[in-house]
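The data blocks that follow each hold one structure.
Here chain A shows up in two complexes: once beside chain B, once beside chain C.
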Partner chain A sequence: MDPGLINLVFVLVSLLLAFGIGEWIERRHYKSIRVREVECKHLPTVTLERLPVPKGWTYHSAGMMTGHVVISVDHFKRFVARLRQLFGGRIRTYETLMDRARREAILRLKRKALDEGYHAIVNLRIESSRLASSGRKGKGTAGVEILAFGTGVRMKKVGA
Partner chain B sequence: MRFDSKLPDDSVNMGDGSPVREAGLLIIGVLVTVLVITTALALSIETLVPLVPPSLEVRVFNRVAELAGDSNEEAPAADKKEQECATPDGTRVVKVQSILDRLATHWVDSPYPAFHVFILEDELPNAFALPGGAIGVTSGLLDRVETENELAFILGHELGHFAGRDHLRGLGRGLAISVVWMALGLSGDQVEGLASSASAFSARHFDRTQESDADLFSVQLLASEYGHAAGTRAVFERVLIDPSTEEADGIKNEAADRNDETPGNLERLAGYLSTHPLGEDRILALDAFIKASRWAADGEQRPWRTSASEDSLVEDCGEELQELND
Partner chain C sequence: MILSNTDEVPGQKIEAFYGVVSGSTVRTKHIGRDIMASIKNIFGGELKGYTELLHDSREEALERMVQQAESLGANAVVNIRFSTSSVAQGAAELFAYGTAVTVEP
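What follows is the complex of A and B.
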């Protein structure tokens, strides 16, 4: 068979394989995210700096809460994104990836806050940073870190 | 103020549509774009190559060879000949060169001052034309060749590439495509694999025409030198058969078995996808040309590997050396 055709078939087969595996992992992750989001739904998490305190209650204590996740891109998503760089437009394959990462980071933060007995998270912020890789002469991306951080607050009844 | 606890909404942040469909459209987009770019480049090269005078080509590429450290150029001719005659490979070079020189005399309006042969140690049977008038043949090819006529046909084919300036076209296309790849930032990129498949596909059309034209040019030299066109068929049927291309040969044999004049879809596709037209196609084109030119398709062929020829070769080598020393 012609080398050019073999090359093309190899590219397409590796893409399909990567897509199959990536899709399976993504579906499984979303399933887990949705279950845990329902579990943590009752914890108020806001971007406000101060939460209005209910009548008869006051702040008891506060603590720094963080939740982070480091994600890498699969071959299929990276390939499609690379093609998008040539033609322009929305990189949809990265949208689901970043959405999963952001939700996972917030979930980890909320889980930690619930475990430590906090009643709410205020001043929630999200940061991202790119991890460089040695590939492509240092221009490659090994992955992205999404960090969610905020202040966990505990309330107490006035006079308690 | 009441806190309204809500679950994240999946619908707003994620694009709709299938990622596979998006990938498919993008891949087709790249393939089509690259096909258009490389075809346009190849057509420009086709126009530009005839404008380069062969004298300039020889000057430039000989200078390149010198810069690459070809120290033999400086050695006296007699020393060089002695060195060549002393080794089996050197002897073979002399012999191949003498066949090439004889063939080249039949190319009367050749714009090239001379052609040089060199041997490359490689098991795969192959020969190639390099800019400046150099022709490379692999040791594997020389081992498989049984008659001088077969070798002459292959050398004539390479001379045909010089006649068509095909070596410059290939080089020009390669250079132009590399520049475009670099400009698009695709060099060493994973997308380059995809793009190079498309550009190879585009180059195929040009390569195939060149191969057939070189065959016809070669058979003319062969007929002028030997008075007949014997040995051409053996080149396709025995010499150039490469074990790694058994698949293409399988298709070819299958077509022959069916005794079918019109090739089936599979054969046509395989023929189109390969750089060189299938051997069978080239043989048919050659046979038709030989018939139309009224040359004898068979005739007495000169031996290539017999001990007698080796002896005469050593004698030739000795004579040439003597002449140079005188």
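What follows is the complex of A and C.
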């Protein structure tokens, strides 16, 4: 067989495989995010410096917490993005990547706060950075890191 | 040691300032993790090896910052910020800084 043809078949198969598995991983991730978001819904999380304290309550203690995740897109999505760069415009496949990474990082932060018995998170901040892989002369993207951090606060009844 | 990324610790008053304290660490992943990550890169999803690595590094940067604050006699660090930069191929610096203070309820 023509080596060019074999090459083409190989590329197509790997793209298809990446598409299938990547899509499956993303769907599973979104499902788990939605479930956990409902679980953590009752924890007030704000980007404000301070939260109004309910009447008869006062601040008890505070502590900083972080939650983060490193996530990467699949081969197929990267291919689509590269095609998109020819014409410009929205790259939807990367939008969903950033979206689920951010939601995951915030969820991890919230989970930690709930486990440690905090009543709210104030001053939530989100940062992202790109990790360059050492492969392909450091040009390939290994993934993005999203860091969410904030200060957990505990409250107590006045006089308690 | 109380840590906070707000201007002051909620519910407590700042009594004394000691200036900026910081901690940093430069880390790289080992080759095994790199190979695993490049396989994961084909299918996407979370790169757990990197998540753990960055978690450990950030904890270490914070730990160094806390040590510095302790040596100054502070009991809290407020307004903590993080920054990440890739200094070299496959290596990242994690930096944490904040203001060392003494707080009282």
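As a convention for this text, the second predicted complex is superposed on the first by the 150 of 160 C-alpha atoms of A that agree within 3 Å, B and C clash if a C-alpha of one lies under 4 Å from a C-alpha of the other, contacts with A are read in each partner's own complex, and residues count from 1 in each chain.
Simple rule for what comes next: a residue touches a chain if its C-beta (ideal position, glycine included) is under 8 Å from a C-beta of that chain, and two chains touch if they have at least 3 such contacts.
Just so we're clear, the structure is a prediction, and the values are computed from it rather than from any experiment.
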{"item": "Room on chain A for both chain B and chain C (clash or fit)", "value": "fit"}
{"item": "Partner chain in contact with A:63 - chain B first, chain C second, else both or neither", "value": "second"}
{"item": "Which superposed partner A:8 touches (first chain B, second chain C, both, neither)", "value": "first"}
{"item": "Following superposition on chain A: angle at chain A, chain B versus chain C, Cα, nearest 10°", "value": "110"}
{"item": "Which of chain B and chain C A:46 touches, first, second, both or neither", "value": "first"}
{"item": "Which superposed partner A:87 touches (first chain B, second chain C, both, neither)", "value": "first"}
{"item": "Chain B versus chain C as contact partner of A:131, first or second or both or neither", "value": "second"}
{"item": "Smallest distance from any CA atom of chain C to any CA atom of chain B, in Å, after fitting", "value": "13"}
{"item": "Interface residues of chain A shared between complexes with chain B and chain C", "value": "none"}
{"item": "Sites on chain B touched by chain A in the complex", "value": "1, 3, 5, 7-8, 10, 13-15, 17, 19-20, 22-23, 26-27, 29-30, 184, 188-191, 193-194, 196-197, 200-201, 204, 247-248, 273-275"}
{"item": "Chain A-touching residues of chain C, taken from the complex the two chains share", "value": "2-7, 9-12, 34, 37-38, 40-47, 50-51, 54-55, 58, 80, 82-86, 89-90, 92"}
{"item": "Residues on chain A engaged by chain C in the complex (per definition of touch)", "value": "14, 18, 21-22, 25-26, 29, 49-50, 58-64, 66, 68-75, 77, 97, 104, 122-123, 125, 127, 129, 131-135, 137-138, 140, 142-143, 145, 147, 149-151, 153"}
{"item": "List of chain A residues in touch with chain B within their complex", "value": "1-5, 7-8, 10-12, 15, 19, 23, 34, 37-38, 41-42, 44, 46, 51-52, 76, 78-80, 82-84, 86-87, 90, 92-93, 95-96, 99, 103, 120, 136"}
